Amino acid sequence: MDMSFSAEDLAFREEVRDFLEAKLSPRLREGAACTPSVFVEPDITRDWQSILNEKGWLATMWPQEYGGPGWTATQKYIFEKECAIAGAPALPVLGLKLVGPVICKFGTPAQKAHFLPRILSGEDYWCQGYSEPGAGSDLASLKTKAERKGDKYVVNGSKIWTTHAHHANWIFALVRTNPEAKKQEGISFLLIPMDQPGISVTPIVTMANDHEVNATFFDNAESRVENLIGEEGQGWTIAKYLLENERGGSCAAPALLAELDRIEAWAKEEPSGVNGAMDHDPILMQRLARLRMEAQAFEITELRILAELAKGRPAGPQTSLIKLVSANIRQSIDELTVDLFAYDGLQLPTSRPLYGNEAPEPVGSREAQLALPTYLNGRAWTIFGGSDEVQKTIIAKQVLGL
Amino acid sequence: MDMSFSAEDLAFREEVRDFLEAKLSPRLREGAACTPSVFVEPDITRDWQSILNEKGWLATMWPQEYGGPGWTATQKYIFEKECAIAGAPALPVLGLKLVGPVICKFGTPAQKAHFLPRILSGEDYWCQGYSEPGAGSDLASLKTKAERKGDKYVVNGSKIWTTHAHHANWIFALVRTNPEAKKQEGISFLLIPMDQPGISVTPIVTMANDHEVNATFFDNAESRVENLIGEEGQGWTIAKYLLENERGGSCAAPALLAELDRIEAWAKEEPSGVNGAMDHDPILMQRLARLRMEAQAFEITELRILAELAKGRPAGPQTSLIKLVSANIRQSIDELTVDLFAYDGLQLPTSRPLYGNEAPEPVGSREAQLALPTYLNGRAWTIFGGSDEVQKTIIAKQVLGL
Amino acid sequence: MNFDLDENQTLFRDSVERFCAPVDVATRTKMRRMDGGFDRARWSELADLGLIGIAADESDGGLGGSILDNSVVAQSLGAGLAVEPWLECGFLPARLLTGTSYIADVISGECLATLAFAERGGRYTLDARAVSVRNGKLNGEKTFVLAGGAADLFIVSANVDGATKLFVVPRSAVGVDVRPYPVADGSLAAVVTFRDAAVSDPIGGMERLQSAVDETRIMMAAEMVGCAQRLFKETLAYVKTREQFGQPLGRFQVIQHRMVDIYSKCEAIQSALYRAVLQSNTNAEAAKAYIAEEAIWVGQQAVQLHGGMGMTDELAIGHGLKRILLLSKLFGDPASGIAQFAKAA
Amino acid sequence: MNFDLDENQTLFRDSVERFCAPVDVATRTKMRRMDGGFDRARWSELADLGLIGIAADESDGGLGGSILDNSVVAQSLGAGLAVEPWLECGFLPARLLTGTSYIADVISGECLATLAFAERGGRYTLDARAVSVRNGKLNGEKTFVLAGGAADLFIVSANVDGATKLFVVPRSAVGVDVRPYPVADGSLAAVVTFRDAAVSDPIGGMERLQSAVDETRIMMAAEMVGCAQRLFKETLAYVKTREQFGQPLGRFQVIQHRMVDIYSKCEAIQSALYRAVLQSNTNAEAAKAYIAEEAIWVGQQAVQLHGGMGMTDELAIGHGLKRILLLSKLFGDPASGIAQFAKAA
């Protein structure tokens, strides 16, 4: 056993660190740090994306022939870890990490040639149409239908939780092309342009006051048949590929540990009201220490998966736990942060963004201002992308054989 | 709203206190305090039972005509609370609280005349044959059968978790008298004498080293037909009555609160190893305080039920939570006690009793010696009498309508 | 032994329920966007119903409601997810201002009064340090002044020669600067700065403050119990109807057991509240802390079981959780309240 | 980056597995009733397999196994629910006695040595207070001396002019009194009293003690991980076969999710163990504390899911829980370990 990186990997890490040091502007760092929601706004990501694209480090999950950097699993991990520690903005995952790999895998040469470069350049901004009002975690019961009429599909129905649909010019959607077929068999994976009269987007404001998700309505919306990915009825297979692709190697722990370090630093500054600072409060510090133990263990779980992937072996059953464990640690961290900041942690700004000149003035520190929005937004970690309850049932069946 | 007792009830409380003060000998108190398991051994209960019987305060759950004291719900509560606080030994419930009321309700005049006085006098000592090796919480699938042959039933099968079967001369059992009938309909409630060659009792030692429960085997064991309670096939109804009767008013919180008071006193004595005693350890004291809040709330829940009963109204849905909540608080208390006593809390005596001259010498205090046996035995609180999981399903269905 | 509401209490409860019933989530959101974060006309209505007066002594022209009477109002307002700052600008000022000339206008609803106590760096302590009075002049900054965006009158805790005293300052007074900011429950709190603001004699000191805060903690506990029960009921109804994987959520065993846990916590905190209200020696801070901790958990579970919809501002669920969060920390959070109880024991 | 066992480690693991395999619960119980609480013949066997020597330096005639090598042995012994006191009388003495003349007999299994460190009133502290050495005479009482019922040799921490030093005292020495008593895992600990027992020079001081204890904490963590994984596996097998209400327990969603939680904890503590073993700057006390806390929970759940049978001494489940409980408190319990980490941070 050996937890160290090779000399080549360490050299690569230096390269990444130097690059981040040089290219992460204060504005980008601030934008990342002061975004309480999971998705960072395009005004921040656009710049960061173009910096990475220029360097060739943007589409880390794509094959090299389509613009990926050709990294090993370990290099991907190192890059993500360094980005997390340095506080780089999260990139728009819907194009780069979700539909991009799907097009690489299932797209026609024409689809690849058209869509992939536009994702890299940022010309296309993608959103996702999976869930529907009547079907949250139960995806297979979706009702939005696409009827083929000549060289077009005519789409009717609605999608919910369409993240950044108000920014996007394309949506990839699961649609029912065959109402006769059994639940999963009638589903197809269709790309649809957003800029058309048949599509309307209604904001859904979260309890954190963020506008991140939407309801998207299709009223005879159209998409050309060449925008179908794969075959009709293949949508479920593609959706599964997309999800599994998402569940490969992961690098969530470093950001959690960095957050715990920050909390510890803040605790040294936060007055206890009695004497000294909150880093002398035994109850709060016990929670912090306990959470750090969990996050440190979780970091090793991710490295165990990485070690398997790096050797070209399948990632092992621990993969299935990643989302579950990280979501729960993250929520506990968010709760601790709100508690640390006492009354200041109860402010809940109604306007966005919380960075730059437009940001409302915080009461106390900027960190305190972010605490509650982050906490409230973060309640979604255990809901979206398959709730904890759905995840556990899947793991029980697929991993434990129950 | 008003949480106070009436003047009459307060006078009754004084009477009970005086009685307990006078009658609870040091030996009885020690026997109660130094019993880690739920059931107290007959050498202790026998004396206490005869003292109460003489006073007419023994069969608190029986109608007055059969020897009950004719108390109101409030008086019963007060009596139980004062007994708990004074540290009186728990009485053998199987005769007094389980089969006794069943005989009062469903017994023939002859059965009443024969059995009830012998329960009061202690001449008969009862055990219970409900669970079977193959059917733990799933009672209705029991297999032990009783075949009528002339004026006798011939019983074959086995029962498990027969508490104090090694002390008992009678067992009340659920047996299958009609193998053709549907699951619950073929079950009867039969009283069977233990002192016969057809019955053998095998001890089951718990992980706490207690011999409290047994496996009881019936190999052509016999019981006369007049020992059947109610009709053939009525067993399930009687079993349900027995359980519901058990779930009427309850008085579990006072003992829990008294235990928390004791822990607090011990914490003042237990050195922290650094400076001062454990009552200055913030983490332990936070757990203690948190548990006290729970137990105090739980006390009020029991009083809310009592208030309904005292007015002759049905007890309300909270009743269903009593066993669940008290079991979980109790286990947390046991855990806290073990933690308080550090290394001394890890001793686990192999011999019994832990009171009197035969008790092994404790390492540290007697309380420390009892901590781990009590904890280990107490893991059963969430298992026996319907596990937490079974309870929750019942509450979900019957109370929440799910 | 009796846990029934009496006739008056039933009337109060019904009155609050009728008051809250017409306000759906959309109306609620609209009211939050009003100047000050709620509707002053409805505040007057609340006053007209006697629901502010209930908190004031009869000698002050109030109804002289007991702690129990008031807790019934608080719990019902919690269950109704009311936006009106009854606790902050009704109950608490009525207790603080007893015997003063200000109280009549508070009871009538004309004057919206609030307590300005929190100071930067003071965490949950009640004693004033940075804000002080010398020679009749008030100076310093208060933060987290609830309903500060709408208040007409500040009751300010200030340091006078090392002791904490309470002073009354109209918002309109010279030297008073109010900077409102939104807080968890959608209301507008404020940072309030005093620069040589003139004050008269104090209306009381630490004893009055401590006693009013302790009584208010019970009302906060009551409101949280009401909130939690509301969220429990809505969630129970939701899991009975919402279908996933071909059956109502409530048919899944995991959801069933979770609902039992929620139900169990709701019953426990109702009991804890009764204890705090009926047993005078109960530690109000600890009771509030315990209830807060359980109510937060109930709120989080209500969000979780509502799934994505629970995350939005379109359902009452999030509003309930956010109000609970705010109350859970006002005058001390669960950890600090239980720690205080642990030390006192 | 690699979490595979190497060839030697695989051999050690297999060797321990073969050693443990023939011992069923009944045999285990029989061994616990033997003089001293285990079978000395099997202890010799363990020594012959090199599994004690692995903990000793090569210069001491041992195999010089690394912390990782030893943790593989400890984890496998945990999974095998071994009754042999490898940790208490193998690993720990081998670390404490390095460079002394005693070590050869410890490695060979002939001499059963144990550390006598705990004192009444000292809770989890390591420094000796009540037991002291003056003029070559040892006096005082040690408690919770693990395997004290069977030990031939005591390594005793004693106060010398305010500093803690380690002395070696044979059980047979004059002035040594041993009172055995049973502890959680069924083994025999002892209260050991010294009355003017003669001692030679100390073999080391606090530094050696602290370092050996820290290494032992990692072994305790490893053994608990092994235990917990064993309980997980047995419970998983049980819920797949045990039927209630007409179907296997494992078909109930609540049981399924609980099993996922148990699985998740088992993976987490395996990871925490790897970290403690492979990353030299890991805080061993905190790692052990965290692993202990989760392992206890796993043990409790294993009992719960086994129902009544889990309560008995007839299944391995209770034995596993009880060993975890003992290890969870040796050299500090979860709360004290995490508190220490919290303060160090």
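Every chain is named by a letter (A, B, C and D) in the order it is written, and numbering of its residues begins at 1.
We adopt the following convention: a residue touches a chain if its C-beta (ideal position, glycine included) is under 8 Å from a C-beta of that chain, and two chains touch if they have at least 3 such contacts.
Treat the numbers as computed from the prediction; the structure is a model and nothing was measured.
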| item | value |
| --- | --- |
| Centroid-based (C-alpha) most distant chain relative to chain B | A |
| Of A-B and A-D, whichever chain pair has more C-beta contact pairs | A-D |
| Chain A-chain B separation of Cα centroids, rounded to whole Å | 53 |
| Rounded Å distance between chain A and chain D, as computed from the means of their C-alpha atoms | 43 |
| Geometric centre distance via CA averages, chain C-chain A, whole Å | 37 |
| Residues of chain A touching at least two other chains | 282-283, 286, 389, 392 |
| Numbers and ranges of chain D residues touching at least 2 other chains | 252-255, 257, 335, 339 |
| In the complex with chain B, residue positions of chain A that touch it | 282-283, 286 |
| Chain C residues touching chain B - in the complex, by the definition given at the top | 1-6, 68, 236, 239-240, 250-251, 253, 255-257, 259-261, 263-264, 267-269, 271-272, 274-275, 277-279, 286-287, 289-290, 335, 338-339, 341-343, 345 |
| Chain C-touching residues of chain D, taken from the complex the two chains share | 252-254, 257 |
| Touching residues (chain side chain A, partner chain C) in the complex | 131, 134-138, 141, 160-161, 204-207, 209, 213, 270-274, 278, 283-284, 338-339, 342-350, 360, 363-364, 372, 376, 379-380, 382-384, 387-389, 392 |
| Residues on chain A engaged by chain D in the complex (per definition of touch) | 1-5, 74, 264, 282, 285-286, 288-290, 292-294, 296-301, 303-304, 306-307, 310-311, 318, 321, 324-325, 389, 392-393, 395-397, 399-402 |
